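Below are two complexes that have chain A in common, paired first with chain B and then with chain C.
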Partner chain A sequence: MTDTGVGASLPRKEDDRFLHGRGRYLADIEMPRMLDVAFVRSPLAHAEIVGIEKPEEAGERVFTARDMDGVVPIRPTSNVAGHRIVGSPPMAFDRVRFVGEIIATCLAPNRAQAEDLAERVVPDLKELPVVASIDAAMAEGAPLVHADWGTNLSMETRFDSGIEEQVARATVQVTRTLDMARQAMVPLEGKGALAHYDARDGQLVVYSSTQSPHMIRNALCQCLGLQQRQIRVVAPDVGGGFGYKAILHPEEVIVAWLALRLKRPVRWLEDRFEHLTAGANARQHRYRMTAHADDRGRILALDAVLTTDAGAYSIWPHTNGFDAIQASGILTGPYDIGGYRVRTMTVATNKPPLSPYRAVARPGACFAMETLVDAVARAVGRDPVEVRLENLVPAAAMPYKAITGKEYDSGDYPASLRRARAMVDAVSADAGPDRLIGTGYAVYTEHTAVSTATISQIGVQMMPGFEQAAALMQPDGSLEIRVGVQSHGQGMETTLAQIASEVLGIDPQRVSVRHGDTALSPYSTGTYASRAIVMTGGAVAAAADKLAFKLREIAAHMMQCTADDVRLEAGELVGPGASMTIEEAAVIWHFRPFDLPEELLRDGLEVTGGYRPDGDRAPFAYAAHAARVAVDPELGTVEVLDYVAVDDCGTRVNPMIVDGQVLGGVAQGIGTALFEEVPFDDQGQPLATTFGDYSVPAASEIPMIRLDHMETRSPYTRFGVKGVGEGGAIAPPAAVVNAINDALRSTGAELCAVPATPRRVLQAIFDAQDRAAGKKEAAR
Partner chain B sequence: MTTLSLTVNGEPVRAEIDPRLSLADFLRENLALKGTHLGCEHGACGACTVVVDDMPMRSCITLAASCEGVRVTTVEGFDDDPVVTRLRQAFRDEHALQCGYCTPGMLATARDIVLRHDRPDTEQIRAELAGCICRCTGYRGIVRAIARVIETKSQATAAKAGTT
Partner chain C sequence: MKAPAFAYLRPVSIAEAVAALAEGAGGARILAGGQSLVPMLNLRVAFAETLVDIGAIADLRAVSDEGETVLIGAGVTHATLEDGASGDHWCGMLAFVARDIAYRAVRNRGTLGGSLCHADPAADWPVAMMALGATVQLAGPDGERALASEDFSVDVFTTALEEDEMLTGIRLPKLSPSARWSYRKMRKKAGAFGEAIAAVVHDPARGFTRVVAGSSAVGGPCRLEALEGAVASGSLAAEATIRAALAEREPDLDRYEMQIHATCLRRAMKEVSS
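Coming up: the complex of A and B.
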């Protein structure tokens, strides 16, 4: 390790511009003759479009699906047998299927005027019956979201390892139904896109607030019938993504098409109302879980049914089945369980399409599994931590092949839980006389940097393969790194420079990391799945290796020795009798070509390196979380008094940044646990449309989260790193609800749904009181 | 249209504006001061907070027309402000920002907290920050950065008191 390489908590290179308000986000870009977009969106969850009345004098500034000749709706693909799948149309043609679906697009010189125009467009809608929940959609004779399917079941999967033998041995059965509500992801900067045609380059240039520029280019090429070389996608500074910006949005297709058609720049900026309604697209899982265990709570088999409320269309590229596939593939979590049977159902409803939100389905899966483990512990009368320790995969079993087929590469799961217990127990908060205190735990393991093999099995149009990075040594020996992932808070301008510094010994202050622009960087599927530091970090190291070799060859020629005799040390090329700096070698290649033989001149100092983990195997990060809460049984309110996370993401490239990723993830997870929900009424109307009713936790709701780390190097990755971007968000719903249930143990109440709003907490208490009264009645 | 005169970041500004224009849109669109960010446009997230006559104010729900004669300071105008200078360093050291979108509003709010408090505990700082949403950091770094700047301010005050 160098003091600027892997392992250094280097201050971030990107901070300076943000602290001076000099970032450049999508809304900050202006172009001459630019038009702003406002959409006319459906006020109904299901309706036939009978007609659309445009204001007479402004008709040429209003566009509908009928104007979009030649635009092909995106077609998501899947390898799951029988998967019924329909991508979002850019604009609705003859039918709308959720509140917020786009009916018309209005253009004006600014957003306010575009909204004025949108108000004057009158869609004539004929109301159709709505299915706004899993139960409504799966009921006998339910109205159909897509009539030609003959059902609302979009996808069904089954897996059965054979559980009869384990079930026969089990003495305890515990069954629970667990619900996670629908959420909005709420990056603080809304989604947005600005497109214009650049005649000089012969390119449609699309600025998009996206995590995955090349994927958006792939999609736009399909929709618009253009070649890849004819589209450039640029992600400027992006104000948070969390998965919301890792998918194609219909609005991106519309502004791209309009820019081509009008030959003028066209821009759409999502506002918060649009985000909380049309963008309310995350989580919403229901689990029916049965654990078959022995008297000590050792879980022998897990039998589960998972249903997702997947909305009206399939997002691209991951499809609407992504949550179900992910959750069923990781449901047994960090536990050694011998038998597993799972059925998943992905159900279409008249709601926005289900999309992958930070950690995708894992917060739901962890919530279901970990609350079930606590229920098992209660059933056998043992401490939930002890029951966990008995079920967790032991360190000695690593690498461990789980019953799901996944291989957990490394780590000590029980040790992380013991540390979390020691940390949280050390705090005793004074919660006041009227509140009940409880402690809850959750442990997860997380498949990070998802592999080519995993993605290719499910057949979606997103194929990670080998990640690429370019390293361009400049004539003065400074270095430009170009990568296809996009950094939107993860600090990759710093960490990738640290990796270059680790390999080359170059000062990170002499390294620039360019990202998020298809015109600049090698191809990449983008930033998602906690993959960037593993995949792109590895690719940067590979490119730096190549560059190091070339520099050593140049130095060797100048020093009259062989490249093998030259070592790279702290930016110096050190030979047996002499040394030169990287800068000197760069200057020789660029300005003194006459000093070098042809074979060293032929391929310059601009290289591309490719990387994926050894054997295409993914590293599994993991963590144990513990929450201590105070519950007011009269009001149903919950305060998180203390929160502890002990995570293991292998080698930490920048420990400060790792802390930031975990802290931010935990805060979002606490939002999922206690506050965040977009409820819909039975007509599919979203009921949380402002931050007044959609509660995002502020500093007042988030305690000073405490962290500890373990560092078990992954055996398969460069530097031993594992992904860490999503993990923090996985465990909080489980840990917080387990803490609430621990606090409520004297009342007999048990909460089985998140967010644990005061209404749900009180309902659980009332239900327990009713059960107790019923028992007394029966005894009489 | 309405005529508006005010001071923005120390410069006198005069403009003809639409009466419905918000202060945020005026700053961003008319003056090209893009450092003021819009996160909700209904006064709930705090990203657009600027300083108006020494008070933090949500520019998204402040009408520009109501700002006649006031002094507005945006993130672009804090370079000579000693408190914000210290906050910037502390935000960097405590990793109090990730995507940077909430940061200008956080700085304007944090400056106000630093100016009004001498010995707040963590709970107080958290409560004072309740009107600002950060979706990335989990707030710990922001709270610590503010605490650190208040601490140095208190030390400076104490040192000054000691010498007189």
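Coming up: the complex of A and C.
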């Protein structure tokens, strides 16, 4: 390790502009003659569009689906047998299927005027029956979201390792039904897109608040029938993505199409009302879980049914089945379980389409598995930590092939749990009649940097392949790194410079990282799946290796030795009898070509390197979390008193940034655990459409989160890194609910749903009271 | 969401503001701190042809000690009350209530008068003012009038204000030094509106006792006189009595709502009695 390379807690290079308010986000971009967009969105969850009345003088200022001739619908794809898929139409044609679906697009010089225009567009909607929940959608004779399917079951998968033998040996069966609510992702910066046609370059330029510029270009080319060279997608500074910005939004297609049609800049900025209605698209899962265990709580088999409330359409590229596939592939978690059977059902409802949110389905899967483990511990009368220790994959078993087929590469899961138990504050809080105290644990393992093999199995249009990075040595020896991922909070302008520094010895202050622009960077599927430091970090190292070789060749020629004799040390090219700096070598190639032979001149100092982990094997990160909470059993309120996370993401490129990722993830996870929910009524109306009703945790709700790290290098990745971007968000729903249930043990109540709002906590207590009263009644 | 176009006036006196309201003939609205009105305009659930911004009217920010009572200008901000800059004759109660209204950024702009006029059923000030026995001062084209806070608060988001009237001040009786109060608010998180509020004030030296509940579930501030006797006599009301008083006011409370309101009331009454 160098003091600026891998392992250094270097202050973030990007923070100067962010902290001084000099970032440039989509809404900061103004263009001459630009028009702002306001959408007319459906007020109904299911209706036939009989007609749309435009204002008389609307002209080229109001557009509907009928105007979008030649635009090809978005078509997500899947390899799953029988998977029924309908992509989100840019604008609804003859039917709307969720509240917030776009009916018309209105343009004006500013947003307020565009909204004025939108108010004067009158859609004639004929109400249709609504299915707004899994139960409603799966009921006998339920109305159909897509009539031609003949069912609301969009996708069904089954996996069965054979569990009969384990079930026969089991002496304890524990069954729970667990629900995770529908959330919105609420990045600080909303979604947005601005498009204009650049006649000089012959390009449609689309600025988009996106995590994946090349992916958006792929999709826009499909929809608009353009060649890839004819579209440039630029992600400016992006204020948080969390997966919301890893998908194609219908609005991006509309804005791009309008810019082509009108030949003037068109911009849409999502507001919070739009986000909390049309963007309420994440997390809604239900699990029916049965553990077959022995008397000690050793889980022999897991039998699960997972149902997702997947909304009306399939998002691009992941499809609506991504959550179910991910959850069923990881449900056994960090445990050594011999038998596993799972059935998944992806159910269409009249709601916004289910989309992958930070850690995708893992918070739900972890919540289901970890609350089940606690229930098993209660059933056998043992401490939940002891039961976990007995079930966790031991370090000696690594690499471990899980019953799901996934290979866990490295780590010591039991050690992380022991550390978390030792760290969590077990004593300082005072209990009282209106303050019950409890501690809860959760352990997870996380498939980071999803592999090509995994994606090709499910056949979605997001194929990672070898990640590319370009390293361009500048004439003065400074370095520009160009990558196709997009940094929107990950600090990649710093960490990727650190990796270049690690390989080349160059000062990160002499390295620029350019990202998020299809015109600048090599192709990439973008930033998602905790992949950037593994994939792009590896690619930057590969490019830097190539550059290092060329620099050594130049130095060798100048020093009259062979390249093998030249070592790169702290930015110096050191030969047997002399040395020169990287800068000197760069200056020689650019300004003194007459000093070099032709073969060293020909290819230059601008190189591209490609990378994927050895054998296309994804590294598995993991962590143990522990929460300590106080519950007011009369009001149902929950206070998180202490929270600890012990994670292992292998080698930490920048430990400070890793801490930031885990802290932010835990805060978001506490949101899932306690606060965040867009409820819908039975007519599919969203009931939390402002931050007055949609609660996100703020500083007052987040305790001092305490972190510890283990560093088990992945055997498959450059530097031994594993992804860490999502992990923090996975365990909090499980750890917090386990802590609540521990606190409530004297009441007999058990909570099986998140968020654990006061109403849900009290309902669990009422149910326990009613059960107790019923028993008394029966005894009489 | 962005508001439609509106006209904007910024009078410097109460008389000018009242005149502007009269001229607006129902299309004019008072803009005080704007912490509720502006978002509602943006969401297009509230409308105004003219906004009459009263932020430049110095009289509305005045606090006058009248001996037994204090007249607090309608434009005094939550933050001013939180900081005690208006003086404390209520044993710390105003500062306590103010401190837990939304967030400091909201409190820096939001006003006592604005909160009372907006009459959100879950808001704090309508409950606290009723518990302290406040009267409100209104100004209109025909001069001034005063109303007890119970009479000012008519219904959810509805007050006794005529469309050409404005609230100018809140007259609050001072509490005796020996008075006791409790203010309990159950909310989902810091800064959120209360799911249930209970305010209890007991001032034996003045023979004054009030028990007030508030929230959207109970339809805004409501005085529960049936519980005041127990507080006045220093005894603890039975849980069943508390629930009966709530049920009488709002028969449709569900089990959860009943539980949280009854709990807040019981704890507040207990705190005052202990």
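By definition in this document, the second predicted complex is superposed on the first by the 772 of 780 C-alpha atoms of A that agree within 3 Å, B and C clash if a C-alpha of one lies under 4 Å from a C-alpha of the other, contacts with A are read in each partner's own complex, and residues count from 1 in each chain.
Here is the rule we go by: a residue touches a chain if its C-beta (ideal position, glycine included) is under 8 Å from a C-beta of that chain, and two chains touch if they have at least 3 such contacts.
All values derive from a computational prediction rather than experimental measurement.
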item: First, second, both or neither for A:G748, with chain B first and chain C second; value: neither
item: Which of chain B and chain C A:R759 touches, first, second, both or neither; value: second
item: Which of chain B and chain C A:D15 touches, first, second, both or neither; value: first
item: Touched partner set for A:V186, first chain B, second chain C, both or neither; value: first
item: More chain A residues in contact [chain B versus chain C]; value: B
item: Partner chain(s) touched by A:G465 [first = chain B, second = chain C, both, neither]; value: neither
item: Partner chain in contact with A:A112 - chain B first, chain C second, else both or neither; value: both
item: Partner chain(s) touched by A:F242 [first = chain B, second = chain C, both, neither]; value: first
item: First, second, both or neither for A:G636, with chain B first and chain C second; value: second
item: Partner chain(s) touched by A:A698 [first = chain B, second = chain C, both, neither]; value: both
item: Contact residues of chain A, present in both the chain B and the chain C interface; value: 110, 112, 271, 690, 692, 698, 700
item: Complex contact set, residues of chain A against chain B; value: 11-12, 14-25, 27-28, 30, 110, 112, 186-189, 237-240, 242, 271-272, 488-491, 656-657, 659-660, 663-668, 690-692, 696, 698-700, 702, 704-705, 728
item: Touch list for chain A against partner chain C, complex; value: 110-112, 115-116, 119, 271, 273, 434, 634-637, 675, 690, 692, 695, 697-698, 700-701, 757-759, 762-763, 766
item: List of chain B residues in touch with chain A within their complex; value: 18, 20, 25, 28-29, 32-42, 44-45, 47, 74-76, 79, 88, 91-93, 95, 97-104, 107, 122, 125-127, 129-143
item: Contact set on chain C toward chain A in their complex; value: 1-5, 39, 43-44, 186, 188-193, 195, 255-256, 259-260, 263-264, 267
